[in-house]
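Naming follows writing order (A, B, C and D), and every chain is counted from residue 1.
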C-alpha cells in the first residue's frame, strides 16, 4: 500500500473514545481516502486504564499522560474525548505542537475559553473539527441542499428540539453533566439542535429562553442517598431570531420521558417544508404541493444521498449512529490531508457555545439577548 | 315522542353555521338526550341568504334580522356563527332574553369585550358554551383522565402547536382573519392550542412571545392586484409558565406549508408521556416504561373512550371533524336541560382570549407578561 | 322547499340501522340533492322494538312486520339492515313493489340466492345498492383515478387485507357471524377487501385459498359455558389472479389481535405505487420516483378529493366512518332520482359473494378455482 | 495482547465482500471476544482485482485463486461471497481442509447441492454459518423471546413479505439474479422472509405459491438493446402452513416500486401481536391489551436488547445495516472458538432453500406441496 499513514492519538476511552476508535478502524474500508489512519497512542487517566483500552481498541501503545501523547511525533491527529474541563489544555498543547485537533463537543466549559482555543488554532493554522456528528447524516446534508436550492421557496419558520430521557429519573445522580461549568440540558443536547439550526439556516441573531430545573436535587453519586441541589437546567424552551430574518423556537430537554433521540426540526418555506427527527434518522420528510397530491414525502436514505453509497450500494439499508462518526472521521482525515474542511471547526463550535450562553443569560435577565 | 323540543335559532350559515345545523340534526339519533333540538329560525345578513340556507339546512323559518331571531319565543338556544364583530351584540341580546348562548370562537374581538359578555351571562345565570370543538375529542378527554389519574406521574413539560397552511400563500387576501381586532394566527388558531393547554394542564401564569408577520402585504380582496399592509401575525412562538409550575412553549402558524391540521402537543411526566396531533385525531400516544418494552403506545379510539360509543360500537372506525361538533352540541343540550356544563363557557373563552392578548403584549414590550 | 320528498323505509334498527337513519338525516344538509329523504317507516322484529327505535331515530311510524313497510306507498326506498337470512325475502318483495332497494352486505347467505335477487332486480329495472361503505372514501376514489390515469404505470401487483380483532377471544360466542350460511371471516370482512380489489383493479379470474378455524369451539351464546364447534373460518389467506393479468394475495382475519380496522392494500405499478389502510382512512400513500426525492407521499384528504368538500371546506379536518355512510346515501338518492349509479349494485355484490365462495371451494378442494 | 488471532480468508470483494471485511475489522472493538480476527488472504477472480481489494480492505495478501486461499494454513475461517455457483466447490474444499465456513446466502444454486454441502460439513464436524444477517437484529431476537415466553399467547397467524424495487424497471438487465439456477425474487429475497419465519415460528410443513414474471424479457446486459426472455419470478405470493399448526402467507417481490427494504411481518397471538419492518429496523411493534389503553407499542432498540449495548450505551441511537453484519461476525467468531452457534448453519440454510423450491414446485404443479 502506497498510502500515507496518518497517526492517531486518542485521549479518553469511554463511550465516545470507543466510538472514535471504531470509526478510525472502519473508515479506510469504506472511504477512498489519500491516507490511512494508524492507531498509534491511546491516553487515559491512568496507565492501567489506557493499557486495557489500547489492547481492546487496537492502539500501538498506551499512556497515562496525555501530554506524552501530544508530543509523540508519530501522532498527527489528536482526538479528544476526555472530560470537558480537559479539552482546553489538551487542545492548546496539540495546537502548539502543530497537530490537527479533533475534539468532542462541547468545545469547552465556557464560551470564553472556547474563543481562546479558536483563536489559538486559527493563529497556528491547524485543522480543527468538533464532534457534532448528527449533522454528518446524509439526510441533513440533503436538507441543506434542498434549502439552498430554493426548492422549498423562502424559509419562513423553524421549530426544533432535542429531547431525551436520560435524566428524567429524579434519582439520576450528579455527574459532569450537572456541573454548572458546561452542564445542563441546553449545553449538553440543546447544543446539537443549535448547531444543526446554524448548519441549515445560518447564524442566530437574538434569543430569549426559559430554563427550568425540574428536579431540584439529585443524589451526589450513583446510588447515594445524599442529595445535592441542581444548578443547571433539565429543560429549556427558547425563542430564536436568525440573521436571515426567520423566527422560531427550540426546546432542549433531558428529562423528556418517552424520548430517546428526538433531535428533530421542521423548517417551513413559502413553497414547501422539511421535517426530520433523529428517531427516524434514515428519512427526511419533504412537502411539496402538487394540487390534489399534496403531502409530506418520506424520502428514504440511499445512494442518491452522499456519502450513503460508501456504506451500501442499495437504498433502504439504513445507516446507524456509529456510521455518522465514520463520516465525521472521513471528513476529518480529508481536511487533514488538505481537502476541504466542512466543519464544524473550533470557531463554529465557539459560536454554538456562545448561543447557549446567550440563552442562559436571557433567562437570568428575563429579556431578549442579542448575539 | 314525549321528549321536550328545544328550539334552535342559528345566526350565520357559512362553514360553521352549516356545521352547527348538521350537528343539531344528527345529535338526537346518536345521543340519548332529555330533549330534541328543533331547527326553528335561521338568521343571516339578508332575507334572501337566510331563506336559501334555511331551506337547505331544514329550519322552519328564516330572517334577515338576527334580533328578530333572538326575540322569537320559539327559540331556546341562540347559536352564533356570525362574524366576530357581531358576537357581542347578539350575545348580549340573547342573554337579556334569558336564552342559552352557544357562540363560535373567538368569543369576541377583544378580551375586554369578552369579559363584559362573560359578566352579563353570569349575572343573568344563562348557560353559555363556546365552540372549541377540538377538545370534544374522546382522545383529549382520555388524555386529561390520564393526567389527572397520575398515570404519567407529575407533569414536567409541555410543547404545543397549531399549524396550518391556509395563509401560507403570500397572495391569500385580507379578510376578517387579518383584521387586527381579533385576527392573526395566534388569535385564530393559537387560541385552540391555548384552550387545549388550559383544558389539560390548567391556567397559564406568564407568557413571553414573538409574533412574526411573514407576508408584509396581502391583496385587499381575493384576486385583487392592490395590496395593503398586514398588521397581524402569521406565526407566533411563545414561552409559557403554568400556574402549576410547569413550563413549555407553543407555536401558532397559519403559514405552515405542509400542515393542514397540526394541532398537536406533547406532555411529559415523571412516569410517562402523552403525545397527540389532530392530524391523527383518532389516536393518542401514551408512553409508559416497562423495561425492555418501553415505547409510545398508539391508543386507537374506541368504545372504551366515551362518547365514541355513541357513534359506533366497534373500535377503529374513526370519528371525523363533524362528529366533534355533534359531541359539542350534545353537551350544550345537556347543559341547557340542567345537566353539567363541561364548558368552555364564556368565562373560559375570555381567559383564552386574555392569554392571547398577553402574548401579543409580551411581544410588543419584549418582556414577560404575567396574567 | 320545492324539493321532492323521498320516502325511506328502514328494516332493522341495530348498529347498521342506526347508521342508515343518521345518514339519511344528515345527507340533505351536506349534499345538494334533487330530493330530500323523509324517514317514513321503521320495521323491526316486534312492534315494541320498532316503536322505540322509530322514536329515537325520528321515523314517522313503526311496524313489527316488514311486509307492511314494503307495501306502504309512502316508502320509495327500502333500506335493509335485517339479519342476512331476511335480505332475500325483503328484497324480492321490494323489487316486486318497484322500490329502490338498499341492502347491507352480504347481499345474501349464498351466491346462488344473491344471483336470484340480482336477476329479479334487473328484470324489474329497479335501482339497487349494497352497503360496501369503505369504498365511498374519497381517498379510495382518488386511488382509482390515479390507477386509471396511468399515473403509477401499469399495475403489477396487489396485496390486500381486512383484519380486525372482534373474534380474537376464544370466548367470543356463536352468532349469525359463525353461521355457515354466509358467516366466517372471509364472508364477513374478506368481502370488503374483495370488493375493494374489484373496485380498484376489476374482476378476479382465479383463486386459491386456505381457510383456518383458529378457535375450534365457541360458547353457544354470550357468557355460556356450553360450547359448540365452529364451522367457519377465523382467518383466510388467498392467492388471486385478476382478469387484467395481475397477481396478488389477500388475508381476511377477524381474530387479528392488535387490529381494529386494517382494511389495507398496496398496489404496485411500473411507475409508482399506492398504499392505504382504513386505520388511517384520511390519507393515501402515493409513491412516485423523482431521483433523490423518491418516497411515499402521504396525501391528506381535502376538498381536492370529492366529495370531501361537502363535509368541510378545509383540508386535514378528517372524515369519519359515519360520513362514509352519508356519501353512500347521497349516491343512493342520486341514483334513485335518475342519476348515475356508482354501485356496488346487486350484481356487483353477487360477484363479490361468488368470489368468496370460490375461495372456500378452493380450500375444500385444495386446488385453484376459476371464476 | 494475549488473545488468539483468527485468520480470515475472504473469497469475493463485491458489496458483500466489503461488508464482511468491514465487519471483521470492526468487531473486536465492539465485542469482547476470546480471539481477534486477522485479515490474512483475499481471493477474487483475478490477481489484479484481488490485489486492489486487499489493499483497500487491509488484507495481508491477495490471490486470484481461491484454492490457494483455502489451503493456506494461516486461514482459519473461509468467508465466501463469491458468485452462487462457486459456493459449493469452495465450501467443499474448505470443509475438507477442516476450516470454519462462513457463506453468503443462498447456500447454493439448488437445494440438492445445498444438502450435499450440509452433509459434508456435518460429517467433518466443522462450524458453518450462512449470512442471513437481517435476523441478527436485536429487535428480531426480542421478537423471538416474546413469542417463546408466551407474552402474546398462542400464535394464531403469520403474514410476511420481502419487497424491494431493484428489478422494478423493465430495463434492469439480466444477471446472476435472473439465472434459473438459484435466481428469481423468491430465491433472492423471499429466502429472507422464509428464513425469518422459520427463526420465529419454526419449520414450514406445506406451501402453495403463485410465481409471476412481471417483465417477460430483460436486456441481456446493462444498457444493451438486445433482450432475452426471463425464466424466473419477479413476484411470488405463497400460502404457508407451519408444523406448529399456524397458517399464513408471504410475498417476495423485487419489482415492488416504492419499497426498498420491506422485509416485514406481523405475527398474531391470542393475547397480543408483533409487527416489524426492516424499513424501521430499530423498532418492534408489540400489541398488548390493557382495556382502554390498547394499541401497538413502538419499542425502540436500546441496551435492553442485546447486543445493541455493544454498539452504544444509550437507547435510540440506531443500529445500521452494516452493524447487523458485525453481530453476525461476532457470533461466527464465538462459534469458531467453541461457543454456541446460533446459526443459521448450512443445515438451516438448506431447509430454507428446500422451502423455496417447494413453493416453485407448487406453482408449477398448481397444488399444495408438503415438505
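Basically, a residue touches a chain if its C-beta (ideal position, glycine included) is under 8 Å from a C-beta of that chain, and two chains touch if they have at least 3 such contacts.
No experiment lies behind these values; they were computed from the predicted model shown.
Chemist: Name whichever of B-C, C-D or B-D reuses the A-B interface, so over half of the contact pairs are the same residue numbers.
Modeler: C-D
Chemist: Taking each chain's centre as the mean of its C-alpha atoms, give the chain farthest from chain D.
Modeler: The most distant chain relative to chain D turns out to be B.
Chemist: How many angstrom between the C-alpha centroids of chain D and chain A?
Modeler: Here the centre of chain D sits 34 Å away from the centre of chain A.
Chemist: At what distance in angstrom does the C-alpha mean of chain C lie from that of chain A?
Modeler: 54
Chemist: Chain C to chain D: how many Å between their CA centres?
Modeler: The answer is 42 Å.
Chemist: Multi-chain contacts in chain D: which residues touch at least two other chains?
Modeler: Correct list: 259, 296, 300, 302, 315.
Chemist: Considering the complex alone, what residue numbers of chain A touch chain C?
Modeler: Chain A residues touching chain C: 142, 283, 286, 291-300, 302, 304-305, 315.
Chemist: Spell out the residues on chain A that touch chain D in their complex, using ranges where they run on.
Modeler: 1, 15, 18-19, 21-22, 25-26, 28-30, 32, 55-58, 164, 166, 259-261, 278-282, 300, 302, 311-323
Chemist: What residues of chain A sit close enough to touch chain B in their complex?
Modeler: Counting only chain A, the residues touching chain B are 152-153, 156-157, 159, 161, 168, 170, 208-210, 212, 214, 234-235, 237-239, 241, 247-249, 251, 253, 255-259, 266, 268-273, 275, 287, 289, 296, 366-368.
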